[in-house]
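Got some structures for you, see below.
In the two complexes below, chain A is the common chain; its partner is chain B in one and chain C in the other.
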Partner chain A sequence: MKTPISTEDSFVRSAGKQLAVYALIAVAALVVLMYALHFAAGLTITGAGGVVGAVDVENNEITIYLREEPPQMNSMLATDTVSGMVLGHVMEGLLRYDDNDQIVPAMAERWEINGTRATFWIRDTARWSNGDPVTAQDFEFAWKTALDPATGSQYSFILYPIKNAEAVNTGQMPVDSLAVRALDARTLEVELEQPTAYFDKLVSFATYLPVQEKSFSAANGRYGADADEMLYNGPFVMTSWVHGASMRMEKNPYYWDAERIRLDAINAAYITSDSNTLLNLYKDGRIVSVDLTAEMLEGAMQQRWQLDRFMDGGVFFIDFNHRAERITSNLNLRKALLLAQDGNELVDRVIKLPGYLPAKSLFPVWLQGVEKTFREEYPAPEAPYNVQLAREYLEKAKQELGLTEIPPLVLLSDVSPVATISGQYYQEVFKRNLGLDIIIDAQIFRQRLAKMDSGDFDLVLNGWGPDYNDPLTFADLFASWNLNNRGKYNNPALDALVRTAQTSTDTKTRMDAFGAIQRILHEDAAFIGNYERGRVYATHPQLKGLLRRVFGAESDYTGAYIDASN
Partner chain B sequence: MVTVRRRDAAPEPPWVHGVSPAVPPAQISVIEAVFREILRNNTMWQYTLKRLIQGITTVWFIATATFLAMHNVPGDPLSAERGTSEAIRANLAARYGLDKPLAEQYFIYLGNFVKGDFGISFTQQNRQVNDIIREHFPVSATLGVLAVIFAALGGVLWGALTALYRNRLPDTIIMFMVILGISVPSFVFAALGQLTLVNLNALFGISLLPVAGWGTVSHMLLPALVLGMGTMAYLTRLMRSSMLEIIHSDYVRTAKAKGLPAARIFSRHQLRNAILPVITVLGPAIAAITTGGFVVELVFAIPGLGRYFVQAVQQLDYTVIMGTTVFYGAFLVFMVIVVDLLYGWIDPRVRLQ
Partner chain C sequence: MTAPFSNSQVLTPADFALITQGADVHGLSRPSQSYWQDAWARLKKNRRAIVSLWLIVGLLAFALLGPLLWQIDPARQDIDQISQAPGAERSASIVAPYEFWGGEALSGFDNGTGLRLGAQANSQAVRLLWEAAPDADGFRLYRNIFPVDGGLAFGLPIAEFPNSLAGFYEDRLDLRPDTYFYSLVTLDAQGALTTEYQTLEVPVHRVITVDEVRTRALVSAAAELAVGNEVFLALHPLGTDYLGRDMLSRLMAGARVSLFIGIVAPFLFVLLGVAYGATAGFLGGRVDQLMMRFADFVVALPFLLFMILFQVVFGIGPGESGIVPMLVALVVLSWPSTARLVRGQILQIRQEAYISASRLLGARSSYLVWRHMIPNTMGVILVTLTFAVPSAIFTEAFLSFIGMGVAPPTASWGSMSNEGLATMLTHPHELIFPALLISITVLAFNLLGDGLRDALDARMRSFE
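Here is the complex of A and B:
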């Protein structure tokens, strides 16, 4: 039976139909627009793009991500880890680190370091990506340019063991007085300021990479700004770089050791630091490897992903403000703080990330000593968690300082998640055990640096990543002349030991010096160790040979290959 | 000017500057009409000139305020994790002109700014700020325009639907979604959208859409939808209230009384007039969406200008901060002026004031 309907209902019905028609038209128009855009985009957008899988067996390619956009590919200016990672794939220095972090020949087929003279013989198969030979002059040019005050390189200090380098860099001597000479196209002679036992490890650093003068001048101030604005001499060449979006590296046919390289291309198709996005990309099969945070671990275990961990080399610690006007210059106060906290508790119960270790020493566990690891030969001094003793030290400190109460201490911190929870842990533990008030001052990168430089803190959450594989990269951190000694720790005994380690060429003497430095820093309670940073990462089951490590390219895909059988 | 407000009228959007939606029908091309109007009418000329001068003053004010704020933030743009010696710092300061007195820096910078030169980035030491804007703004703009297209189409259709079925089930459901869309921030939508897509891809075993990245149209769909979500919800509400106002108007009643077909009344008399206020907020919406997408850009790994803008602030990259802020500021001001001029043509009452 038909029920009578009101005019309003019939209006709504036919208007609704009309609306549905419009909706269909809108959707159709959108689809047409998308196709038009797709067609137009296909004609204009170059470089990577398209949707490819993490592992492309057919073309022997893989897809990775970059955490940040490298500021530039100019090795003389590079400071950050992402630039270091890319440079490690597309460039090669005189020497390089092998899979076991040992120095092996690279552009130089052999080398000699005798006292203050180092000589490198460059192999005749060393080629730039345009076929030009890599010459000794290319190294001379790069090192002189990096030290030229006009270049303003922030890592120029790493060249300072070369004779006159510091004077050149500070403008006291002309650039040509730098004691680096290309004797001929294939022989590079370097005079050192003083005997430098670890110079072979230094020359594998990014600032020591070669630059061809011709291509540098041709780039006209834009050297390294784009993929085609430079030459490459490493295992791969960068064939495209869409800023902020992607980078493509293809196998370099001119590379002298091309047999070592098994991948044909590496696509860095995503540039983002958002860890959830990266996890989603990995889940979706778009990237070959991803670093995991603590919250992601459980899910990863359930998925039975292939997980690995490694130490990335960074050591994190609380630095004290040792300036005389600060109460933290009082030894007993520092000792009280040192004993009132527990590094194991921080790592196991607060940070809870696998791979992290409590930092018991400034010298991390992986450093090499004379025969075994440094820490096996020179064990870290024990600083057991002891609240009772800590309170006694605190009382002594109050007497020495003439204070009835210690005023609130300012803990300067950055804004990263791990720094935030670490800061909260110390705030809580110092309050509970010593009744001290800690004010957390969280600052973004440059503001934190500015406050550190001006000494506007009592305690600061600090960290240090090594530059080269020698304990000295950590040991000179507290030397009075070191610009990174922002707490202004000053101990002539330690300075003397650092000098010994810098100039001695005898391994045992040097390691003894580092052992003594470790002891002095502990006796002086110069810092409170927090943790040595570890990382957990998942890898695509078909990718083999990915190397995660401290030095060289990190992550290192140069030895990676696709195993399609999995 | 009197504005009649209905019970369920939408609140004023942040972009609309004291003008209420008006309802004259559009017959000729909008741009053509504006030019005709400008040429014919002397007051329109004056109005345009006045708005342009106001706009330039605003941009100058933005530039000055940014300059002063930036230089008063603690921190040194030349500092680095590895300590640099005084000599190197001095060299860098000289290269960027930071060794000069602040007042001199300000005038040099204003002079360069007039010439359209924003200088060289501090962090990307061999890239011009102009290059950064030129390469990355089109990406943000593409995403923004696409988002506004989604938002506008969705807003008009949903808004019309809810008005048609007011106080019935479709209305209730959609208006609930609208509240969600307005109150949930875009990064939540971004993360949820991405996660849903990953699960859908896994479920179907094929890649329906890419999870992140940039390069093809398929990369743009999800980010644009996510970015446009809030605006779509807002426009739905605007469209709904505008429709409700018109449903009860005299000319709709007249049309019904004349016995015109329902579909014709709906599309000619109701939809067409109700759409006008939506169109007028689109200009500022494009500007707001284009300049506000940096979270979505980060989540979807999109090389837009927003990311450079945020990174520059974190890195104290003076030249990039100045370049992007002034550029964004000028862009917003320009869009507002264009909309106001269009409004002057659409609504004669604005012109008369």
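Here is the complex of A and C:
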């Protein structure tokens, strides 16, 4: 049955025309919708107090973002980096890191560490934000409260070098037996469990910050929960905290070194960690600085932005499950995996961000050794990429394990973009070079830690950020007693070296111990180094003096100022 | 009955002669057509539906026959060609394996001053030399993709030399065959940039070592290779993704996942829905009420929650494919709409006179259902089926997009779109191809469904 040609033709024409009209209407509707939404979005932002520029020259203020909402501002409970960043602006400990990462006096004008006795003399001009003087008792109170088992501080272990701290924290001794004494309002005396060479670096950590007992009890359990529920002794005071939305910090008139501070206020107007949102905020001139991902670099160059980079100190590595019932406890299998991958390739070809370095050792390149940097004095042992050798190790491992095929290995990982891409990269590398099947188990951070605790993994993409400026913060990571040693690596020789490094006060002895730890970890193929993390960021051309570094507040705006000439 | 006779014709005695049995009483002027032939004829007239049908056939061929013709492992990472656009230049010249460089100038590069090359620049490494200046406060090395044109926008900060003692640097970071502009900027005592800088234009050529050529099997095993020879890197007609995986083979693998879910799930749940709806409609009364209230209850169940529950029940650990629980969740939760539709039809058909007649003639229930009721609802069922396919494909794409579908390294259009989103601005092809395929597939099935509805339901026939 044939339909006449003419109808067919007109039918086709009408159908085509119709489709074109549909498409046109759809596009037009889309455009209208986009403009309407854009307009509506503009309305909501103006509704929330007007559009604030990144740099307000007139009022000498800047606008920044926070990656996430801090759980609270109680320094005794703080564990996350955002809390650390805000605390670094509104509080100050006995000592602090200066621009060159050296320890300098802060609340304490001078200090003395003599064997197991440390004494700090607090300066006369140290004041809380209500005008009260900062006293030695404030430190004593904060440290004792942080160690009180009832407080439940997760970072209390950082206070353990203080005598009796561990016993107090585990409830074996009363809180008052902690060997911290305020001799008078200006003098704080600390007795240490054993000589601790790095105690001056420890006291700049957030858990060591002072808390005034009066304001703590007045807050009635809500200390640090709101802007007006605590006192501040740092360069800035928090004047408002709209939970989940914004935070405002203003210059502290009572701060002893107020001349150092040149900004009048810092607005943390946005709380988000979505890198694309932040990029758009920066493009629109709403925030002063933004971190860039590898995909954004080309666009940033085209925008003629001034880019900077720094290393945030974190070292990332594949940790093995060393528990005896797991096949990854086999040394030859670990060696096979170690040699079957090329650390340079991951950093240079896959992650592609300047600032990242291949992690050839557990000890990052910036750590200080005896004279030069640690890595210059104790070069990392080489583990050259060698597929042939890796396959030989794999054969040996199969024989030792009595397996004809290695079962699929579970690689536990975070859900962050870099962890995802690294995990998929290694999955293919081990498949191609060793014929091993890798199952990626991507979990959020907290869940990843829980799974590591229960030993529910073979390999894990792990990372470690330093707590204080001493190689020990990395070295004790594989100590058998360390709770962060979730792969349960156990080597008495390494434990002994960690003990040596903890108790010795001689720099050379300690560095030799760290060098030996580095060698042992390599010989045991205890982990596969991935990268030392870097960050690339763009900064508003009028903002100077922004400090980004390993220790202290990150990012540190205390020394920042507006240069309106640009 | 009027067709063979003409009113104007004069009747003759011959017209009153007895008709012998078997003669053509009706005098059909057209060949007899079954319902399906009629529907097919109507569908054929609908150009949109036919184009869609061909598109679907093409997609099926792409998913099933494509991998036979394009035998590239979709999980294979080509580290030399990460995020490569379609049709990019593939030639590379062979060089000696990489060796550590201590900062000494190679012959031919051993004179000159200022920022200069220390060896031939290629994608393996760019080796830069300059004069160490012990009295300066420091240098920072930048790399840009266009010439530095005033301001302090030098591009990417590649390295920093705080003490100015070093006079060389080797850049190996993501070097592509392109022209780079390196700038060495002098720092002041505070570590801030000064306006003093030197800049160098470096054209980078792509290179590859003999070893790499062999392991990647770029040439036949017998071929002789020497330094300086040209080879071609692996072909990727649609480019590669952020890990250098071939887009074409990933799209084919993704098509298999999408079409599997898109065809199997609707087929199963429509089958279930027809059986359930037919039973309820045929039995009627209390049973019907009960069954349909249960269907209403199933409609109220949240899909995403059940999807997660099924993953738990099936013991699908993270890192394992979630396709089976997705299939089960789709089947278990999507049948009520078909059941309702079929039940309505059956209730209506039940009242028809021919059913009563058939029953009177002694037809059994199963005969009634299979012979009369189901065939008469076939049009509705087919239309539901074709409309269910795009929605299932879309569900799969959406779930894979949010990471609940396939596990890496398996590709699916949804997961590919999600991965492509991050590089949308710099490498749009990684998002556009999977997104386009999802759109085309969903559109094709929808238009076909539209055409089928028009063709199968004579009463709803449109007059376009």
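What we mean here is this: the second predicted complex is superposed on the first by the 517 of 566 C-alpha atoms of A that agree within 3 Å, B and C clash if a C-alpha of one lies under 4 Å from a C-alpha of the other, contacts with A are read in each partner's own complex, and residues count from 1 in each chain.
Definition applied: contacts are C-beta pairs under 8 Å (C-beta built on N, C-alpha and C of every residue); 3 or more make two chains touch, one makes a residue touch a chain.
In this text, all values refer to a predicted model and were calculated from it rather than measured experimentally.
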Contacts of A:K283 with chain B and chain C, given as first, second, both or neither: first
Partner chain(s) touched by A:P381 [first = chain B, second = chain C, both, neither]: neither
First, second, both or neither for A:L19, with chain B first and chain C second: both
Touching partner for A:Y223 - first (chain B), second (chain C), both, neither: first
More chain A residues in contact [chain B versus chain C]: B
Partner chain in contact with A:P253 - chain B first, chain C second, else both or neither: neither
Shared chain A surface residues [contacts with chain B and with chain C]: 11-12, 14-15, 19
Parts of chain A lying in touch with chain B, wherever the complex brings them together: 10-19, 22-23, 26, 30, 33-35, 37-38, 41-42, 45, 47-51, 65, 71-72, 74, 77, 79, 149-150, 152-157, 169-171, 221-225, 242-246, 269-274, 276-277, 280-281, 283-284, 286, 444-447, 449-451, 453, 482-484, 486
Residue ranges of chain C touching chain A (in the complex, touch as defined): 30-31, 41, 45, 47-48, 75-77, 79, 82, 143-146, 151-159, 172-174, 192-193, 242-243, 317-320, 403, 407-409, 422-423, 425-427, 464
Chain C contact footprint on chain A (complex, rising order): 1, 3, 11-12, 14-15, 19, 293-299, 301-302, 304-309, 344-345, 347-350, 352, 354-355, 410-411, 417, 421, 423-425, 427-429, 431-432, 439-443, 536, 544
Complex interface listing, chain B residues touching chain A: 73-77, 79-85, 87-88, 91-92, 95, 121, 123-127, 132, 135-136, 139, 149-150, 153, 157, 160-161, 164-165, 191, 194-195, 197-198, 201-202, 207, 210-221, 256, 261-263, 265-267, 270-271, 298-304, 307-308, 314-316
